[in-house]
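Look for chain A in each of the two complexes below; its partner is chain B in the first and chain C in the second.
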Partner chain A sequence: MSAIDVAQALWLLLAALGLNIAVGLGGQPILGQSAFVALGGYGTVLLADRADLPLGVAAAVAVLGAGLLGWLVAVGSSRLRGAHVALSTWALAWLAFAVLTAFPGLYGGSQGLVRPSPARLVSRFLGVEVVLTPLWHIVIAGTFCAATMVATRSIVRGPVGLDLAALRAGPAAAESLGIPGAALRRSTLAASAAVGALSGAGTAVLLGLIAPADVSPLLSVQLYVAVLIGGTASVLGPLFGVALLVALPGIADVVSGTADISVERSRGVVTAALLVVVLALRDPVVRRLRALLPRRGTAEDRAASSVPSPAPEGDGGHERAGSVQGEGRVVLQARGLRHAYGDIVVLDGVDLDVCAGEVVALVGPNGSGKTTTLRLLAGATPVQGGSVLIEGRDVTGLDQRGRVLAGIVRTFQHTALFPGLSVADHVRVGARGTERGGVAWRAVLRTPSWRAAAAHSEAVVQSLLQRSGLAARPAATSEALVHGDQRLLQVVRAAASSPRVVMLDEPAAGMSQEELGRLRDLVLDLAGNGAGVLLVEHDMRFVAAVADRMTVLAGGRVIATGRPADVRTRPEVRAAYLGGSAQEGSS
Partner chain B sequence: MDPGIALQAVVSGLAQGAVYGLVGLGFTLVYRLTRVLSLAHGDLVVGAVFIGLLLTVGTTPVVATPSVPLAIAQVLAVLAAGVAVSVGLYVVAVRPFLPRDGSAGRGSVGVPGWVGGTLAVGLLLRESLGVVLTRETYAVADPLRLDRLDGGDGIVALPGGGTVGVRLFGVLVLGLALGIAVDRLVVASRVGTAIRAVSEDRETASLMGIPTERVVIIAFALSGLLAGAAGILAAPGGRLTLAGGVVLGLKGTAAALLGRLGSLRGALGGGLVLGVFEALAVASELFGPAYADVFALAVLVGVLALRPEGLRAQAQVPAE
Partner chain C sequence: MRWVRVALAAMVAASAVGACRSGPTASGGDVVRVMVSAPLTRSPWVGEFVERGARLAVEEINAAGGIEVGDTMRQLELDVRDHAGSAQTAQAHARAAVERGAALLISDGVAATAVAQVTGPAALPTVITFEGGTDLVDEDARPTLFRLAPANRPMTMRLADYLADKVTKIAVLHDDTSYGKDGQRELRAAFARNETAVVATVEVPAGASDVAPQVLRARRSGADTVVVWARAPLVAAVVQAARSSGWSVPLYAGPTAEDPLVRQQLADHPEWIEGLTFVSFRITAEVGPEPWEKFRTAFETRFGRDEIGVTAGGRPVVQPPDWAMYPYDAVYLLKAALERSDALGQPLVDAFNAVFITGANGDERSFGPQNHEGVSQDDMYFGRFAGMRFRPVDDDILSVNLPPIPQ
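Let's turn to the complex of A and B:
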């Protein structure tokens, strides 16, 4: 292997390490890395040779341009589910390829663009002139690769890595806890694209040539395979994957020699075969590797057991009068909420109040608009009409993250956890929602203020785990919990952001008597610490045990509100539940 | 643009658009039942054509018009190849990655799996056919003999001075007829009712006694049949190459997105709109022939960014 081959392999590795940021960390199936590599390569050559910019400036501009394009693609795909992201980036790869071949005047057609090699890096200002020999390329590309790996690793281990892990495992749940999903997807794809472009620029300068065939959509597939081989979120994965990719032309040559087919063809066949092998073997291999590596949670287990358990607060359960901070103050105020899906009006002017320390049950027949109300209050669905106030502050225009920061958070009707994450990490993700921006940098630098904040939120996490009875196995993954504990974990996770208002969507579903008791204690504990609790629940005995007030929804309107025992006996409530009158019956 | 040239572009665009519509229709059927956005659908089209030709005339497709029995054999072979490859795609690359309730859209767990799976099948099909068929392009004779519809030279003069091949009218009529037939089938027949039931809610359909697995396989078979038909209509134009398969599939996807993703009629209509706009862009002085693929792919990227569920998508009740 000559120096030029090594340098080329390192530049290719850089493209894969870049893609790993979006695919491995960001969890997005990106099939368009070749477009960003092409932008870097062609951009650098065009800017340096046609626009006469200094080489370094040309490369920097091309890289920034690719980062911007990646960011724009992510903006466009922020509303897309994974499948659509794959399709849209795959289309982008082909669009870039079509553009490169369609305009030979600018991009040199299938021959591509040629420039003198080895390139000279001249700085009149510094009075230096460097001839970029392959050895220089090895040093530069190697440095970039190392820097990307170190940066990726520190992100994976830091708080943002936890956000990303939650976002990969359960996007909807993570965003409901205030994790800024769209922003994280934008920045990972922008970083991925910029690093890809850097790789393209480096390769073009090294070879003195860039042609469409080198940045065809096949490259996108190969890089995607390279990242998949290592499994997601692994830093060394792409290294192994690229080792295979580097070996690929050699294998392809052997195949083409023995089977008497063109080298191009044989590369395609070998890539496809590799993809098939990867897909077939990925899960077993990753599982095997996971079993070998120490888990993220084992150290925490020991740490958790050494933390002195806080004295159980308010363990008596029901005696909470007087001790609640600021009880009676309205923390959640919704006025005239209206919502329609197309022509179907789901909510038709709903008013709701929840006070600090109060548990309000929201009940009603199926389809009466309970979950839609929670979605509107949490910011998961934009408000069409009406207003939402948290502690007197209008939050109607805010998104989910904004609402979590304002102090309102919810749980889901179905169990939506983060498979693969430990119990303690679930709760830590919940606590992350209220930490403001800039945390990533402060975490990397480990500033005193960050350490103090981290210690505080860790104390909140541990205290919640103790109080909910989930502290026994903090390092167990959520899949290992029984159903009732999973439901409890959902509540604890939401409560970790120390919200003013907690909204629980049928938390008691499927719970045993013993688990119901623990849930009741937890709900009363939250209210006892000053939070307002809005509870959607069908289990009337549970409602009677925890709720101070009960509001009944039917047909998108509030038909009754008051003490549970009184409300249940009212005729209109009975009619709504038993389907008596058509107007107030379930929709 | 000269009105004569514009009319010529519109007619040829409509014919090309009918092909895009059929490709989009097959893509949509698969999406409706599995929420899988197949990345192999274009390879399915060219794969069906070239496998059919390999089976009937070998590695050197001849330009001469085939005899009637050979033509029938070719059509049947292409359609059968489309069905076989499409069902094979489902079994190998899609089914293993579907969650047990059959909806790929809910969680993102299976997405990297079937994205990789459909990519791999497409690539493998394209490259292994390329091992046998080594030439860049193949001129394919029309087994349907649509160019002899007028019994003469096959050229029709349009008002305004433009001319188009009479074949295009045949392609347009056959393509639309097939597309509408499939739409009717799904709307009105028993199988169609089952298909709609499974696409609405696979679990409930299964509980109602519908053999969901069989229905999904039928839909994939239908999708493959449409791909084969699209191939038969498109191939004799001489523009069908192995390498062009992916772009054709992406154009079909663009057609599906110009309507509402999941709507069969929308895909057919979207195909016609895309075909006409592409033909007009290519014929105009402003753009020109270089923009043929660039235009459609830019439309696809743009629509996906702005309206991922299709231009005419409506607000949906969130699945929660």
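Let's turn to the complex of A and C:
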């Protein structure tokens, strides 16, 4: 390989590393990277040669423009997931290609746009002129690749990496904990696009050439395959992928030569066949390699390496208090909540109060509106009528993230964990919900304020794990837990952000007696530490064991509220919901 | 850290494998290397004629002892590469040609300007054998770039002259490729020069399968003649749309009408292609058909007859290897130039500007310092389809005396 080939491969690697930010970190199947590469390449050449901007400025403008386009694409596709994201970005790649081929006068057609190579960088201010030889390109592209890998690794190992891992594993659950999913998707796609554009700019300047055929949708597929081969979860993945893509045609030639078939005509087919073989063998080979290599850092390693030592016992603020701080103060207030799905009214003027240190059970027959109430209170569903106040502050207009920051968090009716993440990391994700913006930069720079906050957060996490009985297996993945522990983990995860109000949606479902005891202790512990707990639960014995008050919903209205023992005896409640089960539950 | 080491080791190994790719290794000065860079997989018809024409010449020269460079006879070595339509790959092939000390680069013309940026400083003669783009050849800006193929400008000028006294209102349909747009510009300029009215200029997406709306637009313009300047699939689509709608307007096209693809796509309605006339380069020369027939025999003996999959008069139609003459002649020009210069580099480029040969069809092939176009306007002729085969028209003075080519 000549120096120019190495430099070109490095610029290609940069595009793959950029794509890995959106695919590997953001979990978005982006098939439009070629559009951003094209924007970088064409933008740089057109701005430098036709608008007479200095080359560096032209490249910077093109890269920023691509970043903005990536951000806009993420906004436009914010409601899409999975295959729909892939299809929409694939359409973007084709759209870019169609535009490039439709205007050959501007974009050069099959001949491409040609500019002088090697390019010259001139700084009148510094009085310096640099001829960008291929060796310079190797240095520059290599530096960008290394910087991108280091930054990606820092993000993966830092708190934002944890957020992204949670988002990939369970978007709904992560967003319910206050993880800003949409913002993270926008950021990763914008970063991915900007790095892709940088790659396009570098390649165009290196070769003095950019043509539509070289930034066709095929490039998007190649880059996606490169990321896929190397493994989307790996920072080094694109390195393997691009190296293989560069090497495969050569290997194909050897195979063709050995089989005595025309190298020129068989290269494409043999390369594709080898690609299939590589993809098929990748997972088994990676598994074997991992078995041979020492295990990577566990959750405990992460805790030990990424944050200072936990604060002393009792400093985390979650220890059971003798008297509940602020007890009796209303922390959650809902007034006149109303919600309808079309013509069907599911909530009709629901009022609800939860005080600090109080456990309020929200019960009612199926379809009475309990889960809808929790969704409205959590901000997962926009409020159509009524208001929600947290500690007297009106949060009605806030989204989920805003509500979590205000101090209200919920669990799901079904078990919604983050497969692949450890028990401790689940709780850390929960603790991340109330951290403010700018954490990513502070984490990368490891500022004193971030270190202090991280230490406090880790202390809370460890304390919660201890108090919930989950501390025995902090490094185990959530799939390895028994059902009851998974349900407990959901509660602990929600509680990790030290919320004012915790809303639990049928947390006891499917639990054994022993597990129910631990759940009861945990709920009481949360309340004992000053949180208000709003509990939706069908297990009336469990409700009786933990609830200070009970509110009964029927047909979308509150039909009774008060002490559980009193409420259960009311005829309207028995008629609407409890019936025979009331006797059963109270017996 | 072991992961990092493993990764680096893998990258180095993969890079090493990659470095070992692509054909024969560079050898000493015993062979004269000719590199062909063509769209073998993207446009097989173009790729094949470029490769086969060059290969036939290389094999003939080697069989005759090689090229005499100084006091030494040297064999030619052909290095064929597929750029698949990629400009960057075509440019990479040019770099490889320079690095491997090639004496000649034969290309279809993709990324010719960028290729010349590489071959120019290395004084590597580069011959375009297909693309007819007007601005590609520039003796001053790209002194190592030559063309042995019909350029768009002389072809469109010949077509405009030919139609000048035959038609009154012309509709031009072209595709949105650079070939189509460049041709459209040249056609408009040529018709304007002759004061022929162009009543409609219609652009059609290259990938369009149904062009009926565009053809209808041309029909409504009142045109009495349609000129199509587009890739082969679109030429076929326009013929189909016009004839299936009952429009019997005379149809003219550029050289892509000769592409077998057009006849393959119209195989179900051979009557539709009747009368389709195209401008291209003449296959035989003033000296008669003998040189061409000799070349054709050698070509078909080596590679077989190119039956295109349609029949006429109960017999399969065979495509003559006319375009393959250009890469063939390019290799013979190299032989003549190298035997004159005895050295690669600038002496060889200078010799390219000075030598002449008799080409495969008997025409003289030569370039000059201020003329890097190897096919002149006088070499253009008009072919017209009859029964899935084409023959020279009888109403053009430069075509009427050309013999029909057996197909």
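Convention: the second predicted complex is superposed on the first by the 503 of 587 C-alpha atoms of A that agree within 3 Å, B and C clash if a C-alpha of one lies under 4 Å from a C-alpha of the other, contacts with A are read in each partner's own complex, and residues count from 1 in each chain.
In this text, a contact is a pair of C-beta atoms (placed from the backbone, for glycine too) under 8 Å apart; a residue touches a chain by one contact, two chains touch by 3 or more.
Since the model is a prediction, treat every value here as computed from it, not as a measurement.
Novice: Looking at A:Ser2, would you say it contacts chain B, chain C, both, or neither? Reply first, second, both or neither.
Specialist: Touch status of A:Ser2: second partner only.
Novice: Once the structures are superposed on A, label A:Gly484 by its partner contacts, choosing first (chain B), second (chain C), both or neither.
Specialist: neither
Novice: Considering only touches as defined above, state whether A:Ala213 meets chain B (first), chain C (second), both or neither.
Specialist: So A:Ala213 only meets chain C here.
Novice: Now for A:Gly357: first (chain B), second (chain C), both, or neither, which partner does it touch?
Specialist: neither
Novice: A:Gly26 contacts which: chain B (first), chain C (second), both, neither?
Specialist: In the superposition, A:Gly26 contacts neither chain B nor chain C.
Novice: Go through the superposed model and pick first if A:Ser77 touches only chain B, second if only chain C, both, or neither.
Specialist: In the superposition, A:Ser77 touches chain B alone.
Novice: Answer with first, second, both or neither: which of chain B and chain C does A:Ala102 touch in the superposed model?
Specialist: Touch partners of A:Ala102: chain B and chain C.
Novice: Identify the partner contact of A:Ala272: answer first if only chain B is touched, second if only chain C is, both if each is, neither if none is.
Specialist: Only chain B; A:Ala272 stays clear of chain C.
Novice: Would you sort A:Leu239 into first (chain B), second (chain C), both or neither based on which partner it touches?
Specialist: Second partner only, chain C.
Novice: Which residues would you name on chain A as touching chain B in one complex and chain C in the other?
Specialist: Shared contact residues on chain A: 102, 265, 268.
Novice: Help me check something: in the complex, which residues belonging to chain A touch chain B?
Specialist: My answer: residues 27, 29, 31, 73, 75-77, 79-84, 86-88, 90-92, 94-95, 98-99, 102-103, 171, 217-218, 221, 224-225, 228, 259, 261-262, 265, 268-269, 271-273, 275-276, 278-279, 341-342, 344, 371, 375, 380-381, 412-414.
Novice: So in the complex, the part of chain A that touches chain C is made up of which residues?
Specialist: 1-2, 4-6, 8-9, 101-102, 104-105, 108-112, 114, 116-117, 203, 207-211, 213-214, 236, 239-240, 243-244, 246-247, 249-251, 253-254, 263-265, 267-268, 289, 293-294
Novice: Of all residues in chain C, which touch chain A in the complex?
Specialist: Against chain A, chain C makes touches at 2-4, 6-7, 10-11, 14-15, 17-23, 40-41, 51, 80-82, 84-89, 91-92, 95, 99, 110-114, 117, 131, 133, 136, 176-179, 181-182, 206.
Novice: Along chain B, where are the residues that touch chain A in the complex?
Specialist: 35-37, 39, 104-105, 108, 111-113, 115-117, 119-120, 123-124, 126-128, 130-131, 134, 246-247, 250, 253, 290-291, 293-294, 297-298, 300-301, 304-306, 308, 314-318, 320
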